[in-house]
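Shared chain: chain A. Partners: chain B in the first complex, chain C in the second.
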Partner chain A sequence: MNNSEPKIVAFCCNWCSYAGADLAGTSRMQYPANLRIIRVMCSGRVNPVFVLKALRVGADGVLVLGCHPGDCHYLTGNYRTRRRLSITMKFMEYMGIEPERIQVSWCSASEGSRFAEVVTEVTADLKRISPNRLFND
Partner chain B sequence: MTREIEKKLRDAVRELLEKGTIDRIVGYEAGSLKFSTTPLITSNKADVDRLVINPFTHSNLSVFLRDLCGKVGIVAKGCDARSIISLIQDRQIARKDVFVIGAPCGGVIDLAKVEKLTGLDRDEVDDIVWQGEKAAITFAGSTQKFSAKEVLADSCLGCDPSDFKECDMLIGEIEPIVGGKELGQDRIREMEAMAPAQRWEFWKKEFSRCIRCYGCRQVCPACFCDRCFVEETEPRWISPLPKWQDNLIFQVVRMMHVAGRCTNCGECERICPANIPLGSLTKKMEEIVDELFQYRAGTDKDAPPLMAAYQPDELEDLMR
Partner chain C sequence: MEDEKRIGVYICHCGLNIAGTVDVEELAQYAAALPNVVVSRDYRYLCSDPGQDLLKNDIKELGLNRVVVASCSPRMHEHTFRKACQAAGLNPYLYEHANIREHCSWVHADKEQATQKAKDLLRAAVQRVHYHEPLEVREVPVNPNTLVVGAGIAGIEAALKIANGGHKVYLVEKEASIGGHMIQLDTTFPTLDCSECIMTPKMSEVGHHPNIELLAYSEVEEVSGSVGNFKVKVRKKARYVDEDKCIGCGICEQKCPWKVPSEFEVGLGKRGAVYIPFAQAIPNIATIDKDHCVYIQSEGKKCGACIKFCDAGAIDFEQRDQIVELEAGAIILATGYDVFDPSQIPQYGYRKYDNVITALEFERMTCASGPTSGTIRLKDGKTPRSAAIIHCVGSRDKNYCEYCSRICCMYALKHAHHLKEKTNADVYGLYIDMRCTGDGYEEFYKRVSEEGVIFIKGKVANVTDRAITEEEKGKLVVIAEDTLLGKMMRIPVDMVILCPAMIPRSDATDVARKFSITQKATGFFLERHAKLEPQATAVDGIFIAGCCQFPKDIPDSVSHGRAAAAAALELIDKGSVTTEAAISCVDETLCHGCGICEEICEFQAPRVVLKDGKRVSTVNEALCKGCGVCAVACPSGAMSIKHFTRDEIATMIEALTAVENG
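Let's look at the complex of A and B:
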């Protein structure tokens, strides 16, 4: 447990999870203010290098959010995200990064409460591990 | 024995060139240094007699295929043959444009290991030949035998050469797995025995030696992007300065790009002037791909590339 507030970069897809975040906001649901959201058109846009770059420049964790499998606006974008980021997570664990630092989840436009829940959980995960000093010299 | 195989290869290639089945051949010839080989690309029948097959033909020649026109004959070891299939899957080359001459190998010899074993420079070693399962090395006036594990390149340990597919011709016989499959996994298990923080420190140290020569990328048949992400300037993903953080990101992202394409031929590790153990990364990626998708790179030319395919219900246990 550490007292610092983790910085989390979240990649949210335009059609589901960004709208979900919006709903959480307009419904005035409470969730930790540790998130910096970057909107992408589809979670399939998220390249592993985005994730690593975020960690490199000081994010404590990266959360990628997309539509639920089967609900992608572009039909198969999130299936591809799932494959790509699964190997990213597994491989970075081998390199020695804590698995909590890279997380992927699904959240639909109507799931404001789920969005708040996921963000709360991820923030708690990152508070449990030490701040990101991986790329410090 | 070796001579006989070479004669067979040369005769076959000569005939293929004469018949016009192939326009040019990509193979190996003896290099300028002892025990070295270098790629030979020729359309001239007179050059065919320079072709060799021996335990030092480490290059993965499939890296040249994208740049060659006409029908190309290529001498391929097991891993190279899989790289060729992988390139066909990715639509980088057409099946009809290649004529694959399979040259099954029992693994390539790592001269650095030989130098360590003999305590001599490679120029001072007289001869290295296979005698059954052992490598007989003649040096300082005597011959000693060493096991495959002692002399083979790490990437060759545990290699399964049995899935030789899409070969138009086979020279020699398919050899059994070198020392069993587990042998190749030893180095991954060693790494995993370390604590995560220790592993990160290990890679930090390794990548601080990287001079970003990009040799690993150039020598890799799976690295075929016309424009690599490291050279993009807008946005600039990694700093142009060779800092270990950016060196690491470069290599890790490269591994992601070759996932499902990498056949673990070991060329990146061999070419590395800083001796970074990249084979430990390629081997791990191969294992992850096998574990998550039961997929082996370059075994089915008609299958879609791994990262371009999906199953509706998979991997959900890894998602939050």
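Let's look at the complex of A and C:
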């Protein structure tokens, strides 16, 4: 456990996970303040390069949240994300970067409590590993 | 070349909703020092008229060409501020929104942390707005037809309102007749109106309405397009009966030698393999149930009685499912609910004991047109001398459905009244809480109490036929704790009526996916806003009505159906919708015409074409929905998505991860 506060960038899709995050707010659910959300229309917009960029410029972890598989507003965008990021995660692991730094999860517009839980878990995961210095070279 | 960026930043206090946790003044000072910020203000309620005037005036007087508001969720007020920008002559896409309420002040109690987070979010928004380009929305005409899916009371009301307003409605119903659950009911609480008597005129009106095209025994297969212009494929299932020739005389059903339990009578009565579901069915056309028809099952070798006896020559075994293609500007889903199967709770003895029945079965039993002609009787034909009505079977139960099904208390009271009225039996109502919240409902509870029904506050543990006293012999014993007396009760009765939960349709997930709408954790369809837009979904142009959203009684379903109709009419009468401006675009100088975008797009928006001898992709703006999947897939970086460009996202990433220097 390290004492620093991890910086986490999240990508949330407009239709499910961003709305889920809104519901967590409306319901006043508390979660750690380490996360900063970037809204995209679909998780399928999240280029793995964005994820790598976030880690390169100083994020300790990146969370990508989409609609549950099968529920994508654009039918299959989240499947694309899942495939693209699972490859990215393997590649990261191969490079010796902790897999916890990239996390992909699903959250519907009605799952405010799930959103808060995921953020809490991801923050705890990232607190367990040391701050991201891998891209400092 | 555009002039220098002149950014105005506005921070909303939202009363104390934001200002209670985020130091808004510090935030405003912080924003004022960011590059190109010309003005930075905080205000109590930016969404108010004076709040909007602040930014409108600044756009005009200070020559702002970019605006950032930090307030609630953009899903709430982005539209408001975009409109304010537009009113002041600024392109609405030169606006950016930072969510410092739902994503910040409401979820973090620590002021310092919340203020720091708000600064980060605001900085990201200010950096991003530099990259915004003015975008133009296009107006496209709205198809004036509406598709209504589901013809229970909510769907029927919606269809009639729109049709009476002079617009065409396609009404799709998956069952052989319209009417839904309401036509199965005997009476309606609390007035005890005959349900059929108030429902059949509506059904008949639907059947004869010149503006309603009824597609019964049909299901939606596929939906494409978007608000104003949906394209829908409907499967019209084969009835094996010629709809134009059948006169609904019912001779075929009388002569059909194969009888199966009737769905309409909830298994209490039988119907033929060829059948008309009930006397007042609309359309009044026979349907052959191919799974039970011996002629079909034997491939024409056996039976054929219906062919012989149908004078109209309407039986047509050559009929096949048809795919009907429709176009509609708006869609209303009124797909209703299913009834929880109480045999999932084995201790209540449903399907184990003959005289444990569901409320819907009881409904058919008390109905004069039902299989017992309205006589309440036990399986052996005798009249019950005592009965227990068990509330909350599956509802308000952590193991099944946590929610309250809302209507069960009231119909349980109605059943108690009919039991008293018709049999003078001893009636026990076993409830957790009595919820009688509608107009005249509490009064009805009082009336039924005065009729001598005994109410016991307690959740039933068990229904058994194991007698331990002489009195219990041959009876069903309902075991429950009377929580008001603090004592276990054993109540011997002849009949037990279960009030099962109302649950989402078994195919709700398929339907939600077909229409790209969302379900709640319960499985019911999610509305756009629980308070203010209960009839809308996240998808523009698709509305919901009735119990597919959540359990409702008849007046609520009627109101909801009409609300959905009003929303559809609003769209039709407006006549046009604006299309999404934040869509894909191709940099033709970079495009190699590989066609990956074409393959990956679910909506067939990009197409590779030959332009001046070069293969390049072009985007059909009417089809693109702006998801951005193609922009990620494009190997040459030619495909981009407006308003969510890589520069815009990259600058936000940088802003959110930057080492804080102040």
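Observations
Following the convention adopted for this analysis, the second predicted complex is superposed on the first by the 137 of 137 C-alpha atoms of A that agree within 3 Å, B and C clash if a C-alpha of one lies under 4 Å from a C-alpha of the other, contacts with A are read in each partner's own complex, and residues count from 1 in each chain.
Heads up, the rule we're going with is that a residue touches a chain if its C-beta (ideal position, glycine included) is under 8 Å from a C-beta of that chain, and two chains touch if they have at least 3 such contacts.
Keep in mind that this is a model prediction, so the values were computed, not measured.
When the two structures are aligned on the shared chain, A:Ser105 is found in touch with chain B, with no touch to chain C. When the two structures are aligned on the shared chain, A:Tyr18 is found in touch with chain C, with no touch to chain B. When the shared chain is aligned, chain C comes close enough to touch A:His73, but chain B does not. By the touch criterion stated above, A:Tyr94 is placed in contact with chain B alone, chain C being left untouched.
Within the superposed three-chain model, A:Ile129 lies out of touch with both chain B and chain C [touch as defined at top].
A count of residues in chain A touched by chain B and by chain C gives the higher number to C.
Taken together, the two structures place residues 48-49, 53, 70, 76, 80, 84 of chain A in contact with chain B in one case and with chain C in the other.
Partner chain A is touched in their complex by these residues of chain B: 191-192, 196-203, 229, 237, 245-246, 248-249, 252-253, 255-256, 259, 284-285, 288-289, 291-293, 306-316, 318-320.
Chain contact summary for the complex, chain C toward chain A: residues 73-75, 99, 101-104, 106-110, 113-114, 116-117, 120-121, 124, 509, 512-513, 516, 518-521, 526, 538-539, 582, 600, 602-603, 625-629, 631-633, 641, 644, 646, 649-650, 652-654, 656-659. By the touch criterion given at the top, residues 7, 9, 14-16, 18-19, 21-22, 24-26, 28-31, 33, 36-42, 44-50, 53-54, 57-59, 67, 70-71, 73-77, 80, 84, 108-111, 116 of chain A touch chain C in their complex. Chain A makes touch with chain B in their complex at residues 48-49, 52-53, 56, 69-70, 76, 79-80, 82-84, 86-98, 103-106, 118, 121-122, 134-135.
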